[in-house]
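Chain naming follows the written order as A, B, C and D, and within any one chain the residues start at number 1.
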Amino acid sequence: MDRDSRDRTDDFVVTNDFVVKVATVNGTGSASANGMLMQAIFRMGIPVSGKNVFPSNIQGLPTWYEIRVNKHGHLARNPDVDLMVAMNPKTYEQDIAEVRPGGAVIYDSSWPLDEELFRKDVLFFGIPLSHMCVENFKGDRERILMKNIAYVGAVAALLSIDLEVIKGMLEEKFSAKQHLMDSNNVAIRLGYDYATEHFDCLLPIRLEAMDANRDSVLMTGNMAAALGCVYAGATVGAWYPITPATSLMDAFRSFCAELRKDPETGKNLYCVIQAEDELAAIGMVLGAGWMGARAFTPTSGPGISLMNEMLGLAYYAEIPAVIFDVQRTGPSTGMPTRTQQGDLFTIAFASHGDTKHILMFPADPGECFYFAVKAFDLAERFQTPVFVASDLDIGMNDWVCKKLEWDDAYVPDRGKVLSAEDLQGMDAFYRYLDVDGDGIPARSLPGVDPKGAYLTRGSGHDRFGRYTEDGDLYQDVMDRIARKIEGAAEALPPPEVRLVDGATVGLVTMGGCRGAVLEAIELLADEGITLDFLRVTGFPFCTAVEEFLLSHDVNIVVEQNRDAQLMRLLLLETAVPKSKLSSVLDYRGAPLSAEVVVGGVRDRLGLVPVEAG
Amino acid sequence: MDRDSRDRTDDFVVTNDFVVKVATVNGTGSASANGMLMQAIFRMGIPVSGKNVFPSNIQGLPTWYEIRVNKHGHLARNPDVDLMVAMNPKTYEQDIAEVRPGGAVIYDSSWPLDEELFRKDVLFFGIPLSHMCVENFKGDRERILMKNIAYVGAVAALLSIDLEVIKGMLEEKFSAKQHLMDSNNVAIRLGYDYATEHFDCLLPIRLEAMDANRDSVLMTGNMAAALGCVYAGATVGAWYPITPATSLMDAFRSFCAELRKDPETGKNLYCVIQAEDELAAIGMVLGAGWMGARAFTPTSGPGISLMNEMLGLAYYAEIPAVIFDVQRTGPSTGMPTRTQQGDLFTIAFASHGDTKHILMFPADPGECFYFAVKAFDLAERFQTPVFVASDLDIGMNDWVCKKLEWDDAYVPDRGKVLSAEDLQGMDAFYRYLDVDGDGIPARSLPGVDPKGAYLTRGSGHDRFGRYTEDGDLYQDVMDRIARKIEGAAEALPPPEVRLVDGATVGLVTMGGCRGAVLEAIELLADEGITLDFLRVTGFPFCTAVEEFLLSHDVNIVVEQNRDAQLMRLLLLETAVPKSKLSSVLDYRGAPLSAEVVVGGVRDRLGLVPVEAG
Amino acid sequence: MTQTAKPSVRHPRLKRNKLGLTQRDYEGSQSTLCAGCGHDSITAAITQAFFELDMPLHRVAKLSGIGCSSKTPTYFLSEAHGFNSVHGRMPSIATGANAANRDLSYIGVSGDGDSLSIGLGQFCHAIRRNVNMLYMLENNGVYGLTKGQFSASADVGSRAKRGEENRMSPIDPASLALTLGASFVARSFSGDKKQLVPIIKAALTHRGFALVDVISPCVTFNDHEGSTKSYAHTREHGHEVVETDFVPILHEIQAQQDHGSTTAVTMHDGSVVRFRSVDEGYDPTDRDAAYAHLKELQAKGEVATGLLFIEPTSMDLHAFENTVDQPLVDVPFEKLCPGSEVLAELQSRWR
Amino acid sequence: MTQTAKPSVRHPRLKRNKLGLTQRDYEGSQSTLCAGCGHDSITAAITQAFFELDMPLHRVAKLSGIGCSSKTPTYFLSEAHGFNSVHGRMPSIATGANAANRDLSYIGVSGDGDSLSIGLGQFCHAIRRNVNMLYMLENNGVYGLTKGQFSASADVGSRAKRGEENRMSPIDPASLALTLGASFVARSFSGDKKQLVPIIKAALTHRGFALVDVISPCVTFNDHEGSTKSYAHTREHGHEVVETDFVPILHEIQAQQDHGSTTAVTMHDGSVVRFRSVDEGYDPTDRDAAYAHLKELQAKGEVATGLLFIEPTSMDLHAFENTVDQPLVDVPFEKLCPGSEVLAELQSRWR
């Protein structure tokens, strides 16, 4: 990104617009220290984001945390590091190399830094963190933990984070554990005081309290999606642990433990089953969905692959199910702790034979909540699996989001479910009969009434639900199902569209790319390039999506996979001609940055970058 | 189809151009009787095809066999029945209704036919088959079996099948079992004599010996594919039984039992494992492929769905594998004994993440043989799974095919496999290094040399084969794999192209639709509609495919699935604009007929059918 | 909803159960299996057991995988909901269904291919979770529907119709279930309705996973000489170790009056299963002893039959998960959705 | 090919084996597991066993699924080919590999999640096929890599780090394997190298599927009080039932000279495994007795360890399939392709 995109005060100090990156070792407690740092900035009312870059490992390998502060609210990942908190000697070399000229490095000066690592164009702040912790704390474990807290103190001092904010956080966190609160306070002060005492040369970046977060909270997408499941009235969850989806079910369980106990008996108003694998997890969801429960499973790519057969069954036997695909870098095991949007084709057409599934693409944790609720409504209304496709970045990172709201008038859309009275009032019930002409037949639930009984099956059946090997009767049902799924297009959340006067080029994206793309649009606007914005939120695509694409000369689709999966879906499933489509791809596993989008758009439009002024 | 498409002699008797359909009950031995009928016609040198329409059941349900005789060699299914051999009272009604006006019905007159079933426009030949068999044979089982043979005799008489031909067949078949030969001969005569004696009114259809089959044999696609595996040198086969793929492995085993015993020890020069499921079957194939064996698995849709995770592993870890997808009607269990071409999308992009697989589409059993051999070459050359996508019709029905030929100079294309000497001569071996610039790295096989050792993995790796979570190193490998797979386009068997002067419309198809489409082209030519022909044989598509599509104003893609999967693949993967694509679909599970194609093409071109002259 | 109709001749004098239903009402549509298939006899036994248990038709959920055996839910209880799922995955579907609605009676029908090959993992884990269901394993040693390949339950030395001999050791569902801690393990023979019906009733009454492994000959592919799953072989080598009698809850129990060798086990609903050991000292409540006895017989080429093991007080899925007594599908939305105030409160912690 | 380098300090006086290699040569790259993880000790034992068996490095194939345990093939024998596959599916890959090349030494490493949940079906079927391999099940009662969920081997009453108690009955790989007819079943403890190394050597020498179930504590998620798979608990409750000694083929065998309680079993290659029963009368060649003893100890809360059962003469996959002795990958194409004449002959029958 061009340096000049940052607002600088006269004395070349940038306020509330910079990137801090912390390099540590995983399994040492640094994750919670970094979270505190981000939370403190959040509490100062400043727009902030934190991206955890962690290895597929439990302990001892390099890990990073990237905090971006941006007063304008641009919170996509920005790889341009202003301050590196280099706590892992094993990665010193690459960490120090990453700092932008004029930036700074904090390191642990308990041991001297290798001469070769110093850079002239970067400030170095050595703090003897390990020494201080050895002096002040007892036991290896505590010393390691407190070193993290100590660097938080130092960063707080250098960036002018309000110490009271941090103290408040510690009080909340350790209210029950005085001992821990004490050590944490000591550690914070160690770092803070050392920095204030030793460094009079100030950093070129600084924080200043704002009031941008009044209506916001910090949450991860998995947490929000789990809460959506609670609010939607989901009662059965089945899953097999997999990064980055595991925390969704962890969150569901802990929300339920708090909010879903029967007040009288203390028993659970939900049932969460750790399945033996993903084939079983989706099987359990289908079993529960068949019974009439709202049921879901969170998983990631490998799990989706394993669910393939059952997804075809659900499509063809028309059983509601909600699947959260928290995407990670594929194919195969790939990079389990890196983000991607690589499963679109797989989920859109999962399973052999002719299928097409309903997909939703939340852009942030807030949408994870709302889309989760909607997913259950759609799954029951259309009697089919609905996929909520988020990704590791949305699912596992803390995002600053608008507070969630809930309308107490909400009534679940159960779709066409027949009650015992309905059934009794009917001449005969036929499971797959399109009575209303919308492709959606009515369903009956087991146990309700003998008149509703039928045999659900994945084998050939006719509109009456009877087994068939007759081609015409088979086709009749398949055609109706196709119609039914098309009908979902307009029932999905509407796409996000932002139009500018005179723009002839559309920038199209989905999910977590939103922030980077919007930021890129602003940056390009500064260069005089105006772009319209379309964020696709669901599949099958609604007419608004098609109209947008048709009404622009070029649509550049920005997404995080190698094969332009969204662009190709748009090509397949709208009337847009090939000539109007182009794409910008980044599939390296990190959350998307505006820089990549800007570069890509310039390239697609045949423009050269403007000179940094 | 218009009646007039048949050549009639002056006395309105049609020679060598008609359809016989036999309606029986499965599990009664009718399948082999019907096969005899077809084989006899084949031996008379007349072009013939037989389509078995059987239930997903072992015994007691209706089953049909459709024999088409066509002197011009048009052997696609034709639903226009001239002669119905109605042996199953449970389906009399629909069977008799299916006969074309002027056609005929043979039925078992041991019991009187319901008055209501008679039609004025159809000839009825009652033969007391059951009575005759009760009189002439002992025991229920034999009586049931021989009834089938008896109707063969009757049909032979009515169609003028050479009795000597049938006798010759019986001699070959029962040379070792005099008793069976005797009963069969008796039964044949029973039917034959009864018919000759009682029916002097002749059928409007008749057979006359030709010499069209001199260079041909009868075979099923599964048999031929299995033989291809034998000739390609495949040593490891793993599979889980599934209709319609099971007979492929049955055939492989019996060919191997005959051709692949070690002459000295009598031990097997192959290893076939009945896996516990398809996940295991493909796992075994990958294990064997990794070791350097040519390994394969035959399966159908549900198996493909279950293999999804492993297919992504094979793609990303670059392990050769050959998968035969003998397609059946999906989704889910669907109609297991009906044909379809519904798995294209699933196999083209199998597994989560960015993937793309090599596919081959044989059109008949002959191509099943050649494509099977080629598939192993391609799998090893490109170090990736290769799918041979046939279907139930090709795989399980007997087809008249040109005799298979084998070039003894054939040397398997093992691709870049390093020998111990190669390895010793290298400075260092890196598994995923693109030394030759074609995207294909060299591989080493376990056990050959310590220098070749590396760890195969489905997790992130760099070009050296080392584990990585670095986005750039990951991308490097993913981009190379994409390049590698593109390279396969021109290595696949060339598409079949037939151009006519002045045609601006292309008729595009794949696999078993070939016959019906070519016949339709002739029929439409008679109406003055000229069409070019393209049969796609593989994926990724080669430039010849793209050029064909681009050079026609309209390309009508004929295929057997609901969602126009081939047309959509062509749209995605060639430069053809949407405006040039259109499609004709039939997905009711029966082999395609020219009638459907003709109707579809007329409709797409906005033409009305010409009046029957 | 009606399936393929069965010629419905009503005998006016047919016996009626407490619900006023005849056994005919517990039937389904006409079987399409081969004449003589063992599975059809099991269907008949199931029909009778449900009838005799006075089970309301629509309160039963019948599930299956894929195979000839898995087709049979169509042939009984046509007024019960059914789910003919995919190959080998019925246990997970039953688990999810049961999680959602604990009040129905669950019967899962599967084959040896369905349960012991492709479905082995799910089968074992349903046992572990002690899902409250009757699991009917219709065991014929082959894959019937795909035409006679050996299944994993084929015995060493058993011969296929075409002559090959199986040499891999079989997976014996009963001993496997005992090893895995199953709470109810029975084995029977499709040809022995007298033994089978009370076992089915006990299994349906048992709270937890009740495995009923039934040797069910495949007349088309595995009933020849040389097969160890043929009618003849099973008749000859079946060995009843314990006789079972099922006494419904409301019947008067004459418990302790029997001979010394009789034990009675009270089920969670108060009904009673009475055992009379055929083999001296056989105790169907001692898992390890049952296992040892099974293996001993097996070594002699005999197949132990009867209700081999029962642990009537084990915890089932819902006990493990501590779910409410009311079926989750019946819990009103108001009790499930915490509402806007709670949402605000919750979020106050997320700052 | 080298993996992440390990500081390679060569001690000139290190012991060398028959191939002239030191134990260092049998190592792999630096472990990235948590300090103190049981799996690392198993890696060390594997390294030592291969070294002591004088195994040529590149004649070993090492496979694994996914999990912390499944990462370990990177940490030993860096000059052997390896295959880190997908979760739970290593057995099938090993089966196919072995089918193709029977001459390599196969070691599969898996975890309790990998083998007993997602991979249970494949695990059981590899046992049934008696695939010739050492199957190392690094058993810690939890899913380490996904951060500590209970696995299916978690014991009843074992507590998770956050306090919940497991109440489902565990799948015990050793008794499961015995039930399924496994030909070699051992259990050990990662902390007991003395016991583990000879077991690994015997397992590698055994022709057939050799299960080595090793309790391997997860220090990060399952080594606390209340866990039954912790170091402390395993040390306290481990119970060696039989001591094993492996005598390579060329060593002089002093077989019958020992005390009365020693038995010796000769392996197919002529090497000998000697047993000394710790528990009086324990006979590691009697499957059912071994099972009974295991269960008896289990009932007392004890974990039987040692080479629990061996059947050295069982048929392996290749015996079942009657494959040639030469590895199939080495059979020249000429012997595989029947050629044009045969093709013509064959087709003469297809008319």
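As a working rule, a contact is a pair of C-beta atoms (placed from the backbone, for glycine too) under 8 Å apart; a residue touches a chain by one contact, two chains touch by 3 or more.
None of these values were measured; they are calculated from a predicted model.
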A-C against B-C, pair bridged by the larger set of C-beta contacts: A-C
Centre-of-Cα separation between chain D and chain B, whole angstrom: 44
Centroid spacing, where centroids are CA-atom means, of chain B and chain C in whole angstrom: 40
Interchain centroid distance [CA atoms averaged], chain C/chain D, Å: 35
Chain A residues counted as touching two or more neighbouring chains: 56, 276-277, 302, 309, 313, 332-333, 457-459
Chain D, residues touching no fewer than two other chains: 86, 117-118, 120-121, 125, 129, 152
Touch-based graph of the chains, sorted into line, ring, star, complete or other: complete
Complex contacts: residues of chain C adjacent to chain A: 1, 3-4, 57-59, 61, 63, 73-74, 78-86, 89, 91-101, 103-104, 121-122, 125, 129, 317-318, 321-325, 328-329, 331, 333, 335-340, 342-344, 346-347, 350-351
Footprint of chain A on chain D - complex, ascending: 32-35, 66, 68, 86-88, 117-118, 120, 143-147, 149-150, 152, 220
Chain C partner contacts - residues on chain B that touch it in the complex: 27, 56-61, 240-243, 246, 274, 276-278, 302, 332-333
Contact footprint of chain C on chain A as seen in their complex: 39, 42-43, 213, 217-219, 227, 230-236, 238, 259-260, 262, 265, 267-273, 275-277, 279-293, 295, 309-310, 313, 403-408, 410-412, 428-431, 444-459, 464-467
Residues of chain A that touch chain B when the two form their complex: 55-56, 301-302, 304-306, 308-309, 312-313, 315-317, 329-338, 340, 342-343, 345-346, 349, 351-356, 457-460, 468-469, 471-472, 474-475, 478-479, 482, 561-563, 565, 568, 571-572, 575, 577-579, 587-590
